[in-house]
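The first chain written gets the first letter, and so on, giving A, B, C and D; residue counts start at 1 in each chain.
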Amino acid sequence: MKFTTPVLDYAILSPILIVLAGALIGVMIEAFLSKTRRPIVQLILTLGTLLIALVQVFRIRNTTSLSAAMGSVIFDGPAFLLQMTILIISIISIFLIADNENFTALAAALPGSIEEQEATCKGNQVTEVYPLTLFAVAGMLLFPIASDLITLFVALEMLSLPLYLMAGLSRRRRLMSQEAALKYFLLGAFSSAFFLFGAAYLYGYSGLISFAGIRESIVGGTGNDVFLLIGIAFLSVGLLFKVGAVPFHAWSPDVYQGAPTAVTAFMAAATKVAAFGAMLRIYYTVFANAQWSWSPLLSVIAIITMLFGSFVAIAQRDVKRMLAYSSIAHAGFLITGVIALNKAGLSASIFYLFAYGIATVGAFAIVTLVRDSAGEVSDLNRWAGLGKRSPWVATIFAFFLLAFAGIPLTSGFIGKFSIFSAAYESGAKSVVIAGVLSSAIAAFFYIRVIVLMFFTDSHEDATTVVIPSVLTRITVIVSFVITVALGVYPAPLIDFINKFAIFIR
Amino acid sequence: MTLSLTLLMALPLFGAAVLSALPKTNALLAKQVALGTTLVSAAVTIGIAVQFQRDNIDLQFVESHQWIPSFGINYAVGLDGISLVLILMTAVLAPIVVLAGWNESQSGRWSTKTFYILILVLEMMAIGVFAATDVFLFYVFFEAMLVPVYFLIGGYGTGKRSAAAVKFLLYSLFGGLLMLASIIALYVLSGEQGGHTFDTQALSHLHMSSMTQNLLFLGFFIAFAIKAPLWPFHTWLPDAADAATPGTSVLLLGVLDKVGTFGMIRYCLTLFPNATKTFTPTIIVLAVISIIYGAFLAIGQKDIKRLIAFTSISHFGFITLGIFAMTSQGHSGATLYMFNHGFSTAALFLVAGWMSSRRGSSTIADFGGLQRVTPVMAWSFFFAGMSSLALPGLSSFVSEFLVLVGTFTRYPVAAVIATFGIVLAALYILIPVQRALHGPTTPGNENLSDLTLREKIAITPVIAIILFLGFYPSPLLKVINPAATHVISQLGFSDPAPTQLGGK
Amino acid sequence: MNAANYLYVSALLFTIGAVGVVVRRNAIVVFMCVELMLNAANLAFVTFSRINGNLDGQVVAFFTMVVAACEVVVGLAIIVTIYRSRRSASVDDASLLKR
Amino acid sequence: MLINNGLVYLIALPLAGAAILLLAGRRSDKWGHILATLLSAASFSVGLLQLSQMLARPTGQRAVEQKLFEWISVGTFKVDAGLMLDQLSICFVLLITGVGTLIHIYSISYMSHDHDRRRFFAYLNLFIAAMLLLVLGNSYLNLYVGWEGVGLASYLLIGFWNQKPAYATASKKAFIMNRVGDMGLSFAIMIAFASLGTFSFAGIKEAAPHASTASLTAIGIMLLVAATGKSAQFPLQAWLGDAMAGPTPVSALIHAATMVTAGVYLITRSNFIFDAAPTAQLLVIIVGAITLLFGAVIGTAKDDIKKALAASTMSQIGYMILGAGLGPVGYAFAIMHLLTHGFFKAGMFLGAGSVMHGMDDEVNMRKYGNLRKFMPITFVTFGLGYLAILGVPPFAGFYSKDKIIETAFNAGGIRGLLIGSAALLGAGLTAFYMTRVMILTFTGAPRWDEKAHPHESPILMWLPMAILAIGSVSSGFLLSRGNALVNWLAPLFAEHAEKAEVLKPVVVTSLALLMVVIGVVIAFMKYSRGEVSSVAPEDVSALTKIVRRDLLQDDFNEAVFMRTGQGITNTLVKTDELVIDGLVRGVGSAALGSAGALRKSQTGFVRSYAAWILLGAVVLVAAIWLVTL
């Protein structure tokens, strides 16, 4: 038998390769540089890597290829947009991650142990987060462009494993943080098992692991539908878990709350983009012709997710949990974009992912600022009267909330409108109605927070808002500006997205 | 410089920008800036009104720029008689509110300048919502307006202000989202029928099944019925009006709520003619209920602000009745009513506000014999009351009677029931008048101070307008009539001919 | 022998694993159950590769093993930390985060 | 119709007065009353001028019109701010401005001690203006403006001393009951517009022949409702008694001479409607008959001199309404009685005022007695008024009232008999209660308490009384000499064949006089022999008690309308609070509650989460299966 030497389209893979390289260098630095010098170097390295990757992605925006890396990677307009989004979000969240308040000094040390205190006094930092982040980013970049089952699975794990670890690195309330890591890990592994099993059956159905092949056999209708259906179902479990759709959502509130806020921000924003990117590609290209089988189910799941998310969020007492549930609700909104299964739906989803991701990072960035002597305070009741003590922070946070609620003149509104109209266009009226309804419910709790911040007088154990470090400030301001801009004049971005949002098959 | 609606909207925004640049400490300067801005925009509006060609039924002062082309969304504004009148009202009320509520912001959570920034932003959006000819643009203003009002109530109000603010916001958002669903549907339909668009004119030519049309109509109507507010969607209004500062209440009831009735004319009627015909009977019933119900509840109130709020519910009933009577009298009457109600409510709320701020209570029972202590204030209140009960010779009489006559020619029963409202009106005005102004001066009222010069200056134009339009409403009617008749004829209605004379 | 039987076996393994995850308390065991599920998937892959008569499935199986190994690394790290700080490997004890 | 641009001055002058006095405020305290009086007088002279011009014109063209500007115009609903002066309205103009001016003069001195006198005069001027607008408006809508305008003025004047809660209530009552009537007027206008497409006097007069009786009847009845409100006719009569809370000049001008007669004006003005709507006309008659008895009966038991006079006013207006109801024949007599009544009743009210003035505002006649010694002029003028109202020839009332009674009989048949005898009975009752007033007030032993020291009023007060007294002596004779008034008004009304006389005028007159004599005699026997107790005796028949309570009119209204109204209000307030808003709040709390419940599904146990996922996966497979079946 003869071997064909693999042909790799390095131009297309370059962003991922760059990020991976950066990550590896980062590991080296961990090994060889002194503790004191690491933080700054790592930060510069990471930022640099991401920026270069960003530039690279932008440079290859017009190249499309079905067969980069022997057909296991596909690159096209949506891929470009999603990678851009992921990189931009990562960059602004890196600033947050760099704010050392967030991470434990010594992950290995027992909570409350002497060595921990020593490490803290020394001002040590777990600079490992930088390479970890980069690995995750690499995974995320790969996830939406993977075009066969292996790559898809590998990418999934690649983006998940670092996140499992990062979830456990919180500086304060470490028990919770570790618990979050455990839960995230176990459930993540559990769901990826489903994912893999599904993949197996898809392979069984078509005999091929490449998306193109699977798609062919679906179109051709050859093969055993039972395998196909099991495959679709289990694969969906894995994907829906990642995006946090009901009933696969249960991890997200706990992890969002337990993980260091910076990580939560990164995870909430970037993972959603990657996961939905993959979802969009798979459902729009691979499963498109099997729509009859999954579309109704996804509709139901979307409805349940939207309503459940918005509903339970009402009862939350903790900002991060509240945002977690709101993110569940938004996952529901995004699934409507998947159901739409038309060009409008694709562009709308991408726009939504971008807008939502940015706003999320911004919102969590604000959360990191509200602290008391014992660090971050996410208990909502203690946010009371924030508007009086630090109007600017409160106003910006309120603005993000309004964006989540989809009030006009915020990016959220444009997103909602476009995604709903796309879904409506494809005839998913019931989903749109449910979406509108749940936005009404959602408004309820966003407003509750605003009331709390502005119209409630603070208790004696009032929280203080730390003066944001330059880095955090950048995060906040950038995301704020983008959210406003997209609300007032979204036309350029929308047109840009429309230009690129076509899957090639 | 040529006058344009964009300029008119830019002015308050500019003022707000200037304000935000000012130091927090200098409250007086902030007030002056706000007053100046509102006065200028009022002047500009009057200029526009002068240039407006009465008997031209096309939209005027039209501007249209692409906003989000890929969705066919334009920044498109224009005026017809109806919107002109409402914008005029808004722009004239604004400086009055600023002047009248000179010290309102003191009780607030935040600085004076923030208060006036919110007021100016609100004014800008109010103008925008009346001027918009692009449904999406309208919706954007319609929803965005809620935010400043929300903060005005919750931040500067009294009593259960935050609860009231939330109630107001949730109610409105709920309605707004229903409307959003309808708008999305319209957008999609327009896409199926030759190109996505939000242009009101274009949308009015869409073909849709009567089922769809009814649903979409409801989506819009409920939103507007909540805004207006129409029974049974009214319960947010008393709380809001009770909590808000007088100035805010004036803007809320005088301007913001008009968006509801305005929307009914501009969107429900023009976009869904058939659905309108389907639902008219139901809506007439709701309107009549609102009239009587609001009046009775007003009679039953112990708090002067809540009382005024309920009188407004009754009045909005009249407006809605006039709109859906589908006669030129009813329609012109309704629009004129919107204008007049703006001023009579303004008068009532401002004076009531001055009374309660002096007395430190808005409970009617706490007042008594004010006519002897503070004659001018008492007179202003009495006058406002008279205009609210539509005394002939005052502006509201003309509009109310037009509405009634217009309704009677098509829906006699409804008109008859509604007319009983005028007796109830006498009750809900005269009862507080007697309790608060007449009788012996009760303890706590002996040395209330009468209106200051500033307050007199603020209330005078209101009274003047009410009186003038009572005797000479033609200037407004001449502007309104063409637009109103146009709307009616669009729907294929024409005034019923006198029954006895075989239309001769 | 009919290849389908292998599929049944894999399905059985998968179910056992899944149920195990739900019923067992000890973190390690739970994790092992997950591994079991992964291997069930592997078995399915291999079987299908046999049925379809191409090697892709087996390639996937190899990849899966590697990935599983990585998972083990990360997983054990996390579980051990938890164990050290809690002196218990029961997943039920780790329930501070709720509601 | 001729154009005459002078009409507006009739209204403008007093209106300007009101405006100036109200705006100038205390500054005008010094000269306010003078200005007001002068302006009213000026308006009167304009009226005289108009009269002279009108007399100069031939009968056909006496009516003149003035269009000021376009008031309201929407579609076919067009109405100008237009005034019209014709033979009918000129009578009112002169009555209003003439009597009005006299009462201004009277008030200068009567109100001299009140430090709000200026405000009082402002209101008086406002009233004059509104009342003139009422009678000059050339369409029902213009009339409506004046109609509610006088209502406002009367509200303000009744409540002039509104620091007394009772007075404030009285004014409110008056306004509200009037509003009920006004509703009738607006209905009439709506019906007219809907059915005839017009609501101007000229327009309807022209359209009436083509119109169906039904709609005309409807319009007529609604107009009657309006009239009952303004003219305190049954069933909307209850406010008039309380209206006496206002200063006496007000009672004289508004609640005796002018405003309360607006109803009569409205009906006579709408003659073309009523002539074509017999049913409505019949109702008018019935209302008139009932009220004239109702008022007379109430009058017999009143101890408050003003209330007694008020009751009499009610009853006298009953006569006028009755007359107006009798159709073409009756209109003129109704107007004549209206005019004469304007003189003598105003005169008597002013007399009452002067008595109160002398008795420091005591109104209870049982505390009077033998006042003729102390206030001779008042006694004389009042006495002349008394003779006039009794209808003793040759005093004014004789001519006007007898004519009405006569016409009532001439209506013929049972109807004629019934209303005729009602009118006769009324005459008798009138004689009784008026005599009672005379005796209690001016004769018998003094019953006033020590500190009272009665004295004659100053000239400014007795002069108007005197003038009015002359009026009440001569007006009847003058107006009916050669049917002056009848012929004067004739062009306005449909000409009519002389009805066959059921009873000879002589008979009617003698019957009427007989009744009067009986009434007077009874009164004398009851009150002039023996002492009158200075407090109303309690040991009286149930009937008397009921009569003292105004035949339970207020009790009825309270029980039927007020109570139910309050009931409705309270229930609705509760409904709004509990049901409607409750529903909203319920939804909110329900959402919160269920959210709290759902929140518990997040147990914190990783295994339960895994269970969720497993379950989800199974369901998903099952579902996808079902879907594809």
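What we mean here is this: a contact is a pair of C-beta atoms (placed from the backbone, for glycine too) under 8 Å apart; a residue touches a chain by one contact, two chains touch by 3 or more.
Here the structure is a predicted model, which means the values were calculated and not measured.
Trainee: Identify the chain whose mean C-alpha position lies nearest to the mean of all protein C-alpha atoms shown.
Mentor: B
Trainee: Of the other chains, whose C-alpha centre is the longest way from the centre of chain B?
Mentor: C
Trainee: Tally the contacting C-beta pairs at the A-D interface and at the C-D interface, and name the larger one.
Mentor: If we tally the C-beta pairs in contact for A-D and C-D, the bigger total goes to A-D.
Trainee: I'd like to verify one number: the distance from the centre of chain A to the centre of chain D, where each centre is the average of its C-alpha atoms, in whole angstrom.
Mentor: 80
Trainee: From the C-alpha centre of chain C to that of chain D, how far is it in Å?
Mentor: Once rounded, the distance between the two centres reads 97 Å.
Trainee: Which integer distance in Å separates the CA centroid of chain A from that of chain B?
Mentor: About 45 Å separates the centre of chain A from that of chain B.
Trainee: Centre to centre, by mean C-alpha position, how many angstrom separate chain B and chain D?
Mentor: Centre separation, chain B to chain D: 37 Å.
Trainee: Show the residues in chain D shared as contacts by 2 or more other chains, in ascending order.
Mentor: Those would be 599, 602, 604, 606, 610, 617.
Trainee: What positions in chain A touch 2 or more of the other chains?
Mentor: Residues 182-183, 186, 190, 194, 253-254, 444.
Trainee: Residues of chain C that touch two or more other chains: which are they?
Mentor: Expected reply: 18, 21, 30, 91, 94-99.
Trainee: Got a list of which chains touch which?
Mentor: Listed in label order, the chain pairs in contact are A-B, A-C, A-D, B-D, C-D.
Trainee: Quick one: in the complex, what on chain A touches chain C?
Mentor: Going by the criterion above, the answer is residues 107-108, 110-111, 149-150, 153-154, 157, 161, 164-165, 168, 174-176, 178-183, 185-186, 189-190, 192-194, 196-197, 199-201, 203-204, 207-209, 253-254, 257-258, 321.
Trainee: Okay, in this complex, where on chain D does chain B touch?
Mentor: Touch residues, chain D against chain B: 25, 69-77, 81, 141, 144-145, 147-149, 152, 159, 162-165, 168-169, 172, 175-176, 179-180, 182-183, 186-187, 189-191, 193-198, 207, 210-212, 215, 565, 568-570, 572-573, 576, 580-581, 584.
Trainee: Quick check: in the complex, which residue numbers of chain A touch chain B?
Mentor: Chain A reaches chain B through residues 387-388, 391, 402, 405, 407-409, 413-414, 416-418, 420-421, 424-425, 432-433, 436-437, 439-440, 443-444, 447-448, 451, 454-456, 489-491, 494-495, 498.
Trainee: Could you please specify the touching residues of chain A with respect to chain D in the complex?
Mentor: Touching chain D: residues 182-183, 186-187, 190-191, 194, 225, 229-230, 232-234, 236-237, 240-241, 247-248, 250-251, 253-254, 292-294, 296-297, 300, 308, 311-316, 441, 444 of chain A.
Trainee: Looking at the complex, which residues from chain D come into contact with chain A?
Mentor: Of all residues in chain D, those touching chain A are 588, 591-592, 594-596, 598-599, 602, 604, 606, 608-610, 612-613, 615-617, 620-621, 623-625, 627-628.
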